[in-house]
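The structure appears right after this line, and notes come after that.
By letter and in written order, the chains are A, B and C; residue numbering begins at 1 in each of them.
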Amino acid sequence: MEGDVAEKPDGVAFLLLLPTLILLLALFVGPVLYAFYLGLTNIALMGPTARHFHFTGMFNLHRLVRDSLFWESLKLTAIFVAASAIVGVTVVGMALAVLIQHAVAWLRAVVGAIVVVAWMLPPLTAALIWYAFSTTGGTLSLLGGSQLDVLNTFPMFVVCLANIWATAGFSMLVLSAGLRSVPTEVLEAGRMEGASRWRVFCSLTLPIIQPTIVTNILLVTLLSLANFSLIYIMTGGGPGNATNILPIYSYQQALVFGKLGYGALLGDVVVIIATIFAYLYVRVSRITRMAAA
Amino acid sequence: MLEHRRRPLCIAALAVAALTVAGGTSRTAQAADKTVISCAYSETYVFDNEDLTKKWWGGIKADFEKMHPDVTVQLVPIQGGYDDIVNKLSLLYRSPATAPDIAQMATPTVDRFASSGYLLPLDKYLAKTDWWKKFPPVIQAEGAWQGKTYSVNTGENDSMLYYNVELFKKAGLPVPWKPTSWNDILAAGRVIKAKLPGVVSIWILAGTGSGDNTVLMGVDTMLAGSSTPTIFDEKTQKWVVDSPGLREVFSFYHSVFSEGLGAKLSDLFSTSGVTAPVFMIPKNQIAITFGSNFYGGNWSKLVSTPYWPQAPQVAAVVPVPTVNGKAPNISTTIGGWDLAISATTKHPDLAFELLDFMMNKENQINAANWAGFVPADTDYVKDPSFINFAAPYNELSAVVLPDGVIEPPSGDYLVWSRGAQEATGALAQHPNTTVDQAIGILSDYVKNQLDPSQTEVLK
Amino acid sequence: MTQSIATYSPSAGAQPRADAVPEEASSAAERRESLIVNGLLALLGILFLAPLLWIFFASVDVNASWALSWPRFTLAHFREVTRGDFLVSLVNTLLLSLVASAVSTVAAILGGYALSRRRVPLADGLMVTILFLTGIPLAIMIVPVFQVYAQFNLLNLWATGVFLGVCSLPFALWLIKTGMDAVPKELEEAARMEQASVLQIILYVTVPVALPSIFAALIYSFINAWGAFLPPLVLISDQSQITGPIKIYGLIGSSDVRYGDIAAFSLIYSLPVVILYILMSRPFSGGFSMGGAVKG
């Protein structure tokens, strides 16, 4: 690290990190590791194996590969994360960040407030609002001038929209901060040369804030991956299994069917996916850094 | 330069103080000389509303503490719906420190709690009571596991067919109506659809929105009156995923939804699908309802969700017939709420004394009326304070009760149930779904979740 | 609304006013462009506002349902949900969120400083690990945590607050570490000359300058705990300690669904978050710069 004050490992750093390490190990890493172990056992919510469970080796893993609903759920998770987090939130967040930078003061104040409040709202409130918004007789069906049950007709589309609505504010904050860090002189120079606003944005602004965009995508992806309350309250994973993303399926196996072990394994899959994303992120930011150097 | 900016330090100090206080207050001790009996129960799901929950459990606590001045009854209400109650209870039982001495639990979950080793066998206590022997055998059996009894029923729900007399008259259908087969129901529904197009002809729950309740009040109720009622084959220990009975039920669903006789998806698939008819029937929005016994109580003045004084004149009620009118021509499931005592309780005798107190006539009839139950005791169901609370509904609910079928106690039943929810959901959402496809959905679901070797086809 | 999110805080760098630059550009084109920009933003604003209509209408409607309809006005729902135990649940939510944000922010300030200023072995690996912890579904940790809490008799509001604080800690740590990276080191050097201890340097030098990111972390932790649903549902066993979302969940799961009460209570429950936004929007907006958070 370039900013080191102390040159070698020191006890002070360790002491400062101690609260964080203790808390994370005891209440975060510990439970996660335990969940990895539980994923390979036959622990059940109730019944003979509720307390007297044991390690079952590859049994749950065998089941996982043969579970057609798991693969379906994995696909739905990919769609949900890609459509809402990567495309939706980033594009909408970027559009908001750019527009707000150039809009008149009162409008950016009002719209900024609405969008950020939408993000800050408790997930339960957001889910209720979107359920009411998209059900028969809700605002969406009235806009279409019909009694269409939008939520049950296009369930995945609606939960993606809801997730975009509830996360775009965060994305906007991150990207706005990135846009502000772009040196004014660079943009001015671009404009002087007669380039259009769009060209300046694409060829100057975007490359400069690329690290911010990548970070934002990663964060929004992780937040969406772990999203449970929104879909659970809106559809419960249904109708059928149409919105049964992995966190929901994991909950269903563990706490509806009572198969805690298998449910934990499904949760572990989410952890592994998150790890892969984080790893990819480091690779990408390293490449970006090298390209910049 | 370090003199200014003292505030952050204060914030840190406050945070530390808050944590210290947190550690301190969590150990508020109960008065040491009093015996504490804890009772866990549903806060909003079992009784018709939260105020009635407080009234019943608060009354139990006050009365019992008056009888035993040295005892504190500790109330542990559990929030949320059916799944939340099951989850919270099974977590509480994991540690003796949190296991409630007495717990209210859904009847179908008793076996799973008992087989976990969480519950106390009650046989030696029950033998000494005068009410236990008055329970119908089917209800006594609900609390049994491997030859011992672990729980006591405090009220049941069963299924009935409601029909709206005003709508029937408007459509030119005869009243009183006495359907003797499922085809009679469809025939009446078709007339309603033709004459009164804005009305839901036949309300029958479908889909995954309301969980197992959808199946309990729909597929399971009808299956009980089909030609093959079996869900779990005790002989082979396998789940039935295809049978003539299942096909009869699914083809009824197919007729309802392909002919446009059913309700809107947003009502059927919502989490409040179970209670929606209670509000829609008084507004003349449904002609025929596959409903539950609790509706009548909801329309009473005391419960008032909603208060509907004209109910006895407008909403008539008959048993759900069997598929072809076979005597006694009653199809219904039963499922209710039980009380059980923890295996790790320090005061088993006192806990049973409290349970016994809850089982007295006044408390049981109040529970039945305030939660929309049929009491298990064969004397209490004949009591005017029960029958007149919601006439004519309560009387019929007691008549159909002994013919009720209970759901298979195995935890894997919920997998089968989920498969049935998805099958009816597909029939409701895509009217061109065939009966074969619906059977396929159920069959595939159960085979995938359990194992093909645990399923069978009945011929 | 002068403190809006969109008013640039000086700490966040120079104001980029690229749109004001080429003065020779035709003013007609400028005006057209500004019309498009403002029009698009207004449209987006309306789209974001539309879903909120229901909650305002239903909360004051005698016949509230899931459907959107012009309300027959009543304040009964608000009266109903400002009774005793509803208010108690909000106070509980506040206490829970205060504990959570205190835990995560204090730990993250200390830890963030160490990661930003001190040599920490495997710091990069640690940051990446911390990063992906953000993506772990709470549902899978809840059973192990419950078992531990039950063992030590910790199934209460305070311990749940600590757990929620830890859930926000990875992201809080990350925000604060990034914020501290941007603090000039010369400031600390000066303090070091005056023989200040590490703790003093953190409190009086680094923290004041890194305040935007600390506020961002604080607010993030607070609203995370404020909105938390599954942990309080599972981990709080005392009825007198239940929180707002559990109360709403109870209303939805009740056999008698009172839509108006749900809407009214959701509004009241969401209000503090909005107030927080208005109060804190300025320091908040600067705190979210997170350019190259992880060094390659």
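Here, a contact is a pair of C-beta atoms (placed from the backbone, for glycine too) under 8 Å apart; a residue touches a chain by one contact, two chains touch by 3 or more.
Please read all numbers here as calculations on a predicted model, not as lab measurements.
**Q** Viewed as a graph of touching chains, is the assembly arranged as a line, ring, star, complete set, or other?
**A** Looks like everything touches everything, fully connected.
**Q** Tally the contacting C-beta pairs at the A-C interface and at the A-B interface, and name the larger one.
**A** Looking at A-C and A-B side by side, A-C shows more C-beta contacts.
**Q** Using CA atom averages as chain centres, what separation in Å is found between chain B and chain C?
**A** Their C-alpha centroids are separated by 39 Å.
**Q** Quick one: chain A and chain C, Cα centre-to-centre, how many Å?
**A** Distance between chain centres: 15 Å.
**Q** What's the distance between the Cα centroids of chain A and chain B, rounded to whole Å?
**A** 36
**Q** What residues in chain A touch two or more of the other chains?
**A** Residues 135-137, 255 of chain A touch two or more partner chains.
**Q** On chain C, where are the residues touching two or more other chains?
**A** 66, 103, 106, 143, 162, 249, 252
**Q** In chain B, which residues are in touch with two or more of the other chains?
**A** 87, 94, 266, 270-271
**Q** In the complex of these two chains, what residues of chain C are touching chain B?
**A** 66, 98-99, 102-103, 105-106, 143, 146-147, 150-151, 153-156, 158-159, 161-162, 190-191, 194, 196, 200, 203-204, 207-208, 233-234, 237, 239, 242, 246-247, 249-257
**Q** Quick check: in the complex, which residue numbers of chain B touch chain A?
**A** 83, 86-87, 90, 94, 109, 112-113, 115-118, 207-209, 211, 264-267, 269-271, 411-412, 414-415, 418, 422, 425-426, 429, 444, 448-449
**Q** Name, in rising order, each residue of chain A that touches chain C in their complex.
**A** Going by the criterion above, the answer is residues 1, 3-10, 12-14, 16-17, 19-21, 23-24, 26-32, 34-35, 38, 92, 95-96, 99-118, 120-125, 128-133, 135-139, 142-143, 165, 168, 173-174, 176-184, 187-188, 191-192, 197, 200, 209, 211-212, 215-216, 218-219, 221-223, 225-226, 228-229, 233, 246-247, 250-251, 254-255, 260, 263-264, 267-268, 270-271, 273-275, 277-279, 281-282, 285-286, 289-290.
**Q** Taking the touch rule as given, give the residues of chain B at its contact with chain C in the complex, in rising order.
**A** By the definition above, chain B touches chain C via 1-2, 4-5, 8-9, 12, 14-15, 18-19, 22-23, 25-27, 43-45, 47-50, 75-77, 79-81, 84, 87-88, 91-92, 94-95, 97-98, 266, 270-272, 274-275, 294, 298, 305.
**Q** For chain C, which residues count as touching chain A in their complex?
**A** 1-2, 4-8, 12-19, 21-22, 33-34, 37-38, 40-42, 44-45, 48-55, 58, 65-69, 103, 106-108, 110-111, 113-121, 123-124, 128-141, 143-145, 148, 162-163, 165-167, 169-171, 173, 181, 185, 188, 198, 202, 223, 226-227, 229-230, 244-245, 248-249, 252, 262-263, 266, 269-270, 273-274, 276-278, 281, 284-286, 288-296
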